[in-house]
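Presented sequentially are two complexes of subunit A, the first with subunit B as partner and the second with subunit C.
On to the complex of A and B.
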């Protein structure tokens, strides 16, 4: 803030933090920061896992290998407990979802101004470091899951079975006439149910992380209220330190929990898609 | 200018409701969830681990609505998309 000619107000500071680094316009607006950061995080963490996986030993594992084995084993157990049909896609998908979202969320623990200010030295004006605070990223993930749900439905039930279920569940009827009467109701209910899934999946992750990020920004404003070596300034700075620490520690729970919930719901939705009613 | 002032006042009330009501709902929900969890574990202590995982899944689901409401409230407070319409019109 020292570099600016006029000190910016709290409102401007917050609005500045809510803008992505954009290119293009209209429909083709690309959020470069989201794309780059999520890509880098994915490459880094999965590159590391690939590296460790190739050099894995059956003997005494190193600390990193043991840690990765614990995480993979945990996810694998959750998948085995829930998903009973045969598929080689679900466990890798669940591991990818969990670890990727966890690492992207974990970027929230970096102080809010650290990365933007660092990049401002190189002339980048806006930068939002946490990809999951951008609804585009979360919707991209949940729509991919949605496509997989449809694919699993078609694979395990066939097109006929899928269509049959679309028109006969949740309300069943023995009578032919009643079946025809209930078909549109069933179809509408099913479509709403299917659309609600990706929307709630994406908004849940986005809402939690976005709200968390803004609370961090609001806490930082306390330190921005520094007006000289007075007791009030010192108190507000101390408050900022304590609150930041407390919120960051609480946020570790939210980060892990939201990654876990996204993974669990992905598994559950795919299970529902692979089992007939 | 007066329209804008009225608009901001109403926005503040809406934001207060969005955050406050959401917090109220989650607080009640978490209370019931935690109470039931303790009850069930007291009845069947061998289910502690599975029940804890399930409780956290439900906690994550429960959290979502409040978090979404809070995110919308913050958006209304700091980056309201309707302000430009009022300023322009």
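On to the complex of A and C.
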């Protein structure tokens, strides 16, 4: 499986799987696999939702319509339970985040060699199929959310309110002198807090999915230990099948959970941004 | 971990999908879900209204039955009273009729009796006159004593 025509070492196999299909150099490198796969996944799933939504009826819904309604209804309820300010953006944002991340994560369940091997037939040397194992994809979303947090702060509190909060929270003081003394501390804390949010948001998703992907690759290496029809080879191949299955089943939980966590934190951060402390 | 221009591309994708969902996809489902919620709320309200109407109809029906029963009892009582009264009236009328008939018959009898007496008297007076006539035929001139005889007859009446 892993060993194709020329035998490669485990090390080579793993590093081969961790290289993106890219063009350009330096900062202006583009990971084509990430861009194409995430775009295709998004177009497919949101296109499907558009297709279903366009002919959706308020009467008895079809199976697909009911399923989509359950998902968007769930997200909408989470938003309504948490976010109380008035905004037309939060629910669609949360829906996009949850569904897009879930579908990109779900690509992790396709056997690790399946898509790269298929594309190798067309001369594509490297391909990482799961966009969320690329920090560019996760940081793109978390930084967009970060920008929205700043925008919500300015929109709901005004520039003055935002600045006031920046210097007076989390440590309050009645005394004027103490207030001035606490201002830099508050400001530093707030800046760290704000920066930690997008970083943790992106790294949590990336880390979980990347680790999952690596575990899949390592399991597949077991099958790569095939050295002829011996008992040991058979055992390791069987072990690879069983472990892959077990990890995939467990991974379904991670896929869903990470999508949900990213969505919930997005909602919560925007809620915090729209409400005064 | 290498951050590069891919991030910008991903931001564009993300922004595009958020825009697409916010402007096109979500409104469809928002509308449908809102409509269905309204339908369900209407249905529940209608069911509640129906239940209340059924309750009041049942109550009205019971009231009507009760009223009808009372009225029937009243009518029966009235009819019984009326029949008793009619029997009583008929009896009284029959008695009165009988009395009247009896009185009429009595009057008839009395009349007959008085007529018979009259007739008897006339005949007796005629017999007396005839007897007297026969006695007096020779000595008394009928013509001379006609006045006397008429007076006599008159007295005997």
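Heads up, the rule we're going with is that the second predicted complex is superposed on the first by the 272 of 277 C-alpha atoms of A that agree within 3 Å, B and C clash if a C-alpha of one lies under 4 Å from a C-alpha of the other, contacts with A are read in each partner's own complex, and residues count from 1 in each chain.
As a working rule, contacts are C-beta pairs under 8 Å (C-beta built on N, C-alpha and C of every residue); 3 or more make two chains touch, one makes a residue touch a chain.
In this text the structure is predicted, and so the values were computed from the model without any measurement.
Of the two partner chains, subunit C is the only one touched by A:38; subunit B is not. Using the contact criterion defined above for the overlaid structures, shared-chain residue A:257 touches subunit B, although it does not reach subunit C.
In the superposition on chain A, contact of A:29 is made with subunit C only, not with subunit B. By the touch criterion defined above, A:132 lies against neither subunit B nor subunit C after alignment on the C-alpha atoms of chain A. In the superposition on chain A, A:68 makes contact with subunit C only, while subunit B stays out of contact range. Legend: residue contacts after superposition of the two complexes on their common chain; A:142 is shown touching neither subunit B nor subunit C.
Contacts of A:244 after superposition on the shared chain: neither subunit B nor subunit C is touched.
Residue ranges on subunit C touching subunit A, taken from their complex, read 1-11, 13-18, 20-22, 24-26, 28-29, 31-33, 35-36, 39. The part of subunit A that touches subunit C in the complex is made up of residues 20, 24, 26-31, 34-35, 38-39, 42, 46, 49-50, 53-54, 56-59, 61, 65, 68-69, 72-73, 76, 88-89, 91-93, 95-96, 100, 131, 134-137, 139-141, 143-144. Within the complex formed with subunit B, the residues of subunit A that make contact are 11, 14-15, 18, 200, 203-204, 206-208, 210-211, 214, 254, 257-258, 260-261, 264.
Interface residues of subunit B, counted against subunit A in their complex, comprise 56-57, 59-61, 63-64, 67-71, 74-75, 78-79.
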